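Below is one structure, written out as structure tokens; comments come after it.
Order of writing sets the labels: A, B and C. Residues in every chain begin at 1.
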């Protein structure tokens, strides 16, 4: 693997972890527009502890995530009393407050940004991502996951059947914030330098967008969404250079590769939400994918055994 | 009356805006019986169910389940007193399979955090899924277990709705128009099924417009009009009650239903 | 040199002028929320289109009146496009799907503009650059004054429409209860575009005034202003037109006054902190009362 490819995989891994941070509350019918704020908290807390406490780096990222989860737990009780648009706006305000607050803390460099000494590579980050996927996949197969779906679709009904709707929503929100914080901590330890403005509202919006594009009814949705979000830009990298291989005159606007990829990503979202609002990975699609994988495995196994035959 | 009633509604009232929807209503549901709650459209039947299950708070009055006062118990806790209900418009979770919808019915018996985190779908067998599947089999729906419930036919959805409520193992089950939209065969099956529930010791309260259905099924009928009780007794008594005939008069379909029944 | 109270008064006036821009944006937000319960995230993008196209058309030498008209038309068209491909498609689906689509439009608009006109801050050749009047020693620039007057006038016209025409009655019926509005024969599909038209016009107008006044535009100019607009709307009570106006002016004044004494980071914390507190403990807004529509879960 080239270092370019490794780098891409790291970014994908981090994006997946963060995606679950948005996925969990959405699965419970809540939109957290403050994901970037929780990421920032996880990033800064882990970085500060890593730089100052002399703990093993792997511990510090969980401390960072813990801080994000703790903040979520504290604010969840008042904030989750609000619903719908009010909740979206309240979480959005919370994210803004966190970012603005960090901007004022000299201890972590304020607007200057903050350096992180420890560095994580793919070897550390990928297992954490896999563990995150495993945790969410497991939860989806318990009453916890079942009840979240029930709450998101019919809170009253779930409650009448004895589901502790408030507690579960708080749990989903908190666990989501934990994952967002974890993703932020990984981000800090991969880039080794963080600034408050890296964690703005636009980041929260992008995360929500790619999670919904992937789909929120299957554990695979956030992975697919994160993959699209990570790899789509690469297609548009050096668009003008590719173009110049065929044409003498390269129009100016082709050089705006990063803008192109965001524009196309956005168009994709709009079209997708029109045609298939449930996202790419529905449960049906997930089952089909599982069948296809099983089929491939069988084919491979068959091919191998038939090949071994004399 | 000597025995504690399964449900005792004591002088309750409820208004929405300026409209008194339930007005000084009292009645009791005898334990182990099948009681019908009837009345013209808009009489307040569904509202009674909503008040009993705690969806709306009462304006005044009190409600007791099996002798326990639940007036101030929240909607999410009343199921602990052995209460379950179905809805007039089916409320299934469309994004879950039939089986998963039924698993939701078991929630109250699944226990606390351990029940919440117990794997339902990791190992091949587990008691909750087995129980849910068996319940589906009982009503002839084994083939639909893994289908998304939103795609299933209406009659099937109604049965799933009922089975889900049963799996909460309630002592008192409130059914809001369980026979609405069913064909004659399905209605007969439902009747037999509900009789089976009584044999298992479940007290039933049924809201239904189909008087034929009520006459066959229920031994005790409470008639509402404009949120108040206008008659109570056996189907026979109620049918011959002046106020009841009056309440239904002028409404052709209901009159028709009545003459069919008698 | 001005005296201390004069300086304060001047800042107050400046705050009102800035606030009138927030107020226009806040009205745009409050309209779609009040009537449709839809948080329209494309509004910052439409604001930016208003501002950017003012620059683009002015640069190409068109007369000012035509420039404003064209910028408003583009803003309204962009808003109607959002209606066509996000709100209309998704009536009845998960409640946050339209919100998500409108976020998509924000990103789409911003990046399309960036692709063709670049991300640099552009200086608008505003014909009003130095046109101002002096009243009691306070300097008031003409486009700012026009902006304030327009904000109040348009809000007045809007409330007259809401309470005096059949379209307005339809809008309020939808705000009260969309299902029964449909049953009562309100032509939702004819009326909903009106909401987007108005909200697009308010937003684009704010963008035009901003460009003419502060003479700097860039593809992401809408974000900061829209965040303040949202705050203004919440403070004034979601769904209330006059609440949005008052909220906008309040934030404008508070921002100018407090930046000069505390610095802008602190202002952010204070504004968003206030926003959060209001949402949690007083969701009907600071002034309470007559919201256009109620929250529909």
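By definition in this document, a contact is a pair of C-beta atoms (placed from the backbone, for glycine too) under 8 Å apart; a residue touches a chain by one contact, two chains touch by 3 or more.
Predicted model, so just to flag it, every value in this text is computed and none were measured.
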Touch-based graph of the chains, sorted into line, ring, star, complete or other: line
Chains linked by the largest number of contacting C-beta pairs: A-C
Central chain of the complex, centres being mean CA coordinates: A
Farthest chain (mean CA position) relative to chain A: B
Euclidean distance of C-alpha centroids - chain A vs chain B, Å: 43
Distance from the mean Cα position of chain C to that of chain A, given in whole angstrom: 31
Separation of chain B from chain C, taking each centre as the mean of its C-alpha atoms, in whole Å: 50
Multi-partner residues of chain C (at least 2 other chains): none
Sites on chain A touched by chain B in the complex: 138-139, 141-144, 146-147, 149-150, 153-154, 156-165, 217, 283-284
Of chain A, residues touching chain C in the complex: 26, 31, 78-79, 81-86, 88-90, 92-94, 96-97, 100-101, 103-104, 201-202, 205-206, 208-209, 212, 253, 256, 259-260, 262-263, 265-267, 269-270, 273-274, 277
Residues on chain C engaged by chain A in the complex (per definition of touch): 33, 37, 39, 41, 85-86, 89-90, 93-97, 99-101, 103-108, 110-112, 114-116, 118-119, 223, 227, 230-231, 234, 238, 265-266, 268-269, 272-273, 275-276, 279-281, 283, 295-297
Contact footprint of chain A on chain B as seen in their complex: 53-55, 75-80, 84-85, 87, 91, 93-96, 100, 103-105, 107-108, 110, 115-122, 148, 164, 168
